[in-house]
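I'd like to ask you about the structure that follows.
Labels A, B, C, D and E are assigned to the chains in the order they are written; within every chain, residues are numbered from 1.
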Amino acid sequence: MSVEYTDSDRLLRVSLGPQHPSTHGVFRMNVELDGETVVKLKPVFGYLHRNHEKIAEGATYLSSMPYTDRLDYICPLTNNWAYALAVEKLAGIEVPERAEYMRVILAELTRLINHTAFMGFILGDMGAWGSALMYAFREREKILDLFEHLTGARMMANFMRFGGCRNDLPAGWREQVGTLVEGYGPFLDEMEKFLVGNEILLSRSQDVGQLPAETLVNGGITGPMLRAAGVSYDIRKVDRYGIYDRFEFRIPLGEKGDVYDRIMIRFLEMRESLKILRQAIDQLPEGDYVNPKARIRGFKPPVGEAYGRIEGPKGELGFHLISDGTPNPYRYRVRPPSFINLTLLEDMCLGLDLADAVIILGSIDIVLGEVDR
Amino acid sequence: MNPLALLLTLSSVMFALGLLAVLTRRNAILILVGIELMLNAANINFIAFWRYGPPDLEMAGPIFVLFSIAIAAAEAAVGLAIILMVFRLRRTTDLNQLDSLHG
Amino acid sequence: MQPTSANTPAQSPPEKPGRWMLPGLGLFQGLAVTGRNMVQSFYNKERMTTVQYPEERAPISPNFRNFPFLVYDGNSIDNLRCVACSICEKECPPQCIYIVLERDENGKSLKRPKIFDIDVSVCMNCGICAEVCPFDAIYMDGEYELATDDRFEGLLFHRERLAKSADYHMKLRPEQASEVIARRKAEEEKKAAAAAAKAAKAKADAESKKAAADARPADEKGGDA
Amino acid sequence: MASLLILSPLVLLAALGAVWMARPVHAALLLALALALNAVLYLAMGADFIGLVQFAVYVGAVAVLIVFSLLITRQSDETEEIARRPKALVPGLLCTLPVLAVLLITASKVPAASDEAPALPLKKLGEILFTTHAPAVLAVAVLLTAVLIGAALFARETKPNDP
Amino acid sequence: MSKDNIPLWSPEHLPLLPQRLVEMILANLGAPEWLVSISGFMVAASTVLAVFMTAFALLSLIERKTLARAQNRIGPNRAGWFGILQPVADGIKMLTKEDIVPARAVKLLHLLAPILIVLPAILALGVIPYGREWTPVPLELGLLFFFAVGSMTELSVFMAGWASGSKFPMLGAMRAISQMVSYELPLIITALGVVMVSGTLSLPEIVQQQGGGFWHWNVCTPWGIVAGLLFYVCTIAEANRCPFDLPEGESEIVAGHMTEYSGFKYALFFMGEYLGLFAIAGLFVTLFLGGWQAPLPGLGLVPTWLWFFGKLALVIFSYLWIRATFPRLRIDQLMRFAWLCMIPMALLTLPAAAIWHYMGRGPLSWMVVLPLVLVPWVLVAVIFNKRLAPATRTYRFADG
């Protein structure tokens, strides 16, 4: 590394990343600083490119399922669901009711995981020495234990199948989720006390990184980031995919769309997720966990095209599939929320401090596995 | 050797060096460095005369040095603030380029 | 969609608009939380979840899956259930399975793998092989302490390393294994009845074919290798 | 005496470096060294209080300020020709040498040094400072306050981020 | 020597024992006076150094343990019982690591910086009174010496940042200097209040005056509460600890001025930081918490240095606790806090201390001085509440 200045205006060029303590993976920001103020920021990504889409085009439909786990490795089950939804649309497969409920439970648990971990990460970015992260991971661990019990893997679940789920709920799992949901509220209270009243956090996060709602909409931003700016857009309400129309829940909306709002919106969303979970556990019916007509071996969808999208914890997660009737998709395309949310990073950071850029990046909540695919 | 003479020689040379820096440096901040040297040379004199000169019951030497140090600190602060202001406006501290008052 | 305002205290941020809060109170709230955690981590199991790994182990769910293994019946690994149909090889997402069918001298399939290799450094524990196998021959193992300092051979599991008895399966996942065994038994019985009828004819066929195969054993061996 | 003989050349060397070094940061650091050695000189002469104040103010504040403004103005790695003007050397020396000559001649005519070391009682220093010199102290206090406010205003004008 | 009539083995004099022994042996061997005093001084200095090196090793472990507990972890517990050998393991690791010097570094300054950061910390530790009998260097101008020496740290941080020839260290050095300069002002001003009240710069003397129970400590006076609190905040900032750890804010500028250091030089930085922490926390204890004075009269049996180290441990524990909880400030907030809050408040403690000094201890002076410091405190609180924490937001809900 060398010290170099652009001759004209004597800016300091700093390359944050690809190996830097707060880039959430191998991400790089080429920042030009005037003092500590960011005057230019160029995100550089692709260090974690794994050729996911092309590999999927050469593999059978089922073979791509475990790869979707690895897109956003914080929340694999929503990825599974989005992909399964796309294939089900493509092939016209019905999903039994019990499977739908299982999916909702898993997706909301995943949302809890993601938002909880987010709280820890954002505090880490702000410089709190890991306490919040450890509390978050302590609770996340409980959910991961549930996942392990159900799917056999803590993170790389590979659980959803076209037409349902891979296996039925083990005995007692439902009750375990019930106790977890009951215990989660107090944890959120504690976390909120830890975070939200803290004056340092308030002064660090308020009025930082906000953009007008129009810009966000034009930029294709989705998820908590968009809702923090006050735009009511949640695919669970818009599409009502699965059985989300059966549950009573609300969409929290922010005021300013700064980092603070993004944190708070995620808190409120977790509380809504708990509500959904309670209802889903109560209503969970008996029945098939997978459509008995769905084939595992030799699955060939008809010629066609489908786009399945869900409200992932980070935003709209979509899979676009084109089938030519062979066992492999002709075209396979992911719409990753973190990647598209990341595109407005520079606009959010300009004119702010280097330290702000770091927490803004944290507040976007990216996972490089999904950004680079 | 007479310690007083030694110290006075030291302070004279140091003063001369400071003067040289003020006259030959182009960088405004480094001119300030020269000024600090000159001030210090003067301070050495005060302390030297207090120590080796005729008895100084009122301690005028040290007290003058105290004032001198206080004022030097103020001078440095103001000087650097001005230089920084100029730098912000003109993006340079090179005195040869700061010639907008030049006819 | 109609926006409504927050109502319950748990769902709105702690500060109410216009309320004067002592500055620094939030900091003390945070200190209280960490302080509570600091003290409670000494006696509260909920707070201190760390497990000292080599000495004590967290309980592992019976559903936990790691790398696949092959099941054989009885005591000999020659009785692998696998018939080397290569379905798993084809479905395996990272393509870490390599199978070669064993044939007899006549080139006739013996319906068992001559080579069955899994490169566990590539395998991603997805369990699709176990799912697609129509012969109940491959299942996911729960063993997880497989670290080795040999990056190449040490992580390439051959048939001998992969094969585990049906009893092991029974011990590992009793529910799944007993279901599988019951199903296999039923199938076996059905098959046995059918096979008994055919047995006499088959025997005659086999003898005549064997005579033909003896004539050209060398060819086949070369072809297999 | 021995300590003076050892220290004086060191002070001079450091001062010479501060004047002569091409890179501004080197010059500033050598200035800090010269000032610190100066403080040691005061200590050696028995003016403890002055020495420590010199150290705290010059090394702790003035030198740091100079160094910091070098950092801010991004001159920390400039080269020789920008830092100095060789053409000015001759006139500079022409002006400096007579001054030096006069000073040295004066210095050579000093009376013999008294050998008894005067004491520097802190309490008495304070009393004199705040009785005899009270108006001067007040003036300096006003000056310092003005400087504090002025420097703060100067510095925050364009960018609130920079101190 | 006059010390001979003091019992050699009393717990009060335990820390002085090595010095005494060496002096006694040398004197009995017939060594000249100057040799006796010099070796005695050397031994006294090494005693302090040994004590604080041990404390440094212990603190590096205890810090990790405490943070771990606050985060529901166990912390290092593999090297030796309770992880007690962890500092040794760390030390061996540091020593055997490759020492990397960047190609663009200015070699001499790069080498000098870590040394110059340890030096002032050690020097500053020398003037603090640890016990009634135990002040390594009882200087008349102890407090001034402390600040004079402490101000050297800024230059060494600058040297480290600049000499590395790299960007993150440079940013870190800029942050460190501006932070240290800004927080040194309130630090010195609040300490001035103590000087005014005690009428001396000698640290043992200041402690001596706080004797007779905790209500005589400087922190238990109306101006002392405010000054002590401000001083405490400044010590955190001067020690570069969370939430003022911007100079090395690892999520932003990797490790600040220490980014390009490795191996033993890095260990030196680490050591300098911890020794500086001891020094500044020790100064806080000395100035405001009564130094080695027992909290209640009648506890004469306990050796006084135990009280000092007990208080020091408490102060340092509070640093650890804070570190486990708080996020980091931003540089402009940090500066604003220093210049708009700390310095005016610190200046206000001076007249309060003066009034207190002239009115003497008593209810009347409480009634006069307390409002003098409380009113601006509340004013600043109101202003800050308005400006710094506009934390009143309501969230709407859209339900489908």
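Throughout what follows, a residue touches a chain if its C-beta (ideal position, glycine included) is under 8 Å from a C-beta of that chain, and two chains touch if they have at least 3 such contacts.
The structure presented is a predicted model; accordingly, all values stated were derived computationally and were not measured.
Fewest steps needed to get from subunit C to subunit D, stepping only to touching chains, is 2. By number of C-beta pairs in contact, the leading pair of chains is B-D.
Set against the C-alpha centre of subunit C, every other chain centre is closer than that of B. One simple way to say how far apart two chains are is to compare their mean CA positions; for subunit D and subunit E this gives 28 Å. Computed from the mean C-alpha positions, the centre of subunit A lies at a distance of 60 Å from the centre of subunit D.
Per-chain Cα centroids separate subunit B from subunit D by 6 Å. Multi-chain contact residues of subunit E, defined as those touching 2 or more other chains: 70-73, 165, 170, 324-326, 331-332, 388-389, 391, 393-400. Across the assembly, subunit C contributes 1, 3-4, 11, 13, 15, 21, 23, 26-27, 30, 33-34, 37, 47, 49 as residues in contact with two or more other chains. Residues 1-6, 11-13, 15-23, 26-27, 30-31, 33-35, 37-38, 41-42, 47-50, 52 of subunit C are the ones touching subunit E in the complex. On the subunit E side of its complex with subunit C, the touching residues are 66, 69-74, 321-322, 324-326, 381, 384-385, 388-389, 391-400. Considering their complex, residues 59-60, 62-67, 69, 131, 135, 138, 141, 145, 148-153, 156, 158, 166-167, 170, 185, 189-190, 192-202, 232, 237, 250-253, 264, 268, 271, 296-297 of subunit A touch subunit C. Residues of subunit B touching subunit D in their complex: 1-21, 23-27, 29-30, 32-34, 36-37, 40, 43-44, 47-48, 50-56, 58-59, 62-63, 65-67, 69-74, 76-78, 80-85, 87-88, 93-94, 96.
Contact residues of subunit E toward subunit A in the complex are 67, 70-73, 102, 104, 165-168, 170-171, 175, 242-243, 245-246, 249-254, 323-333, 388-391, 393-400.
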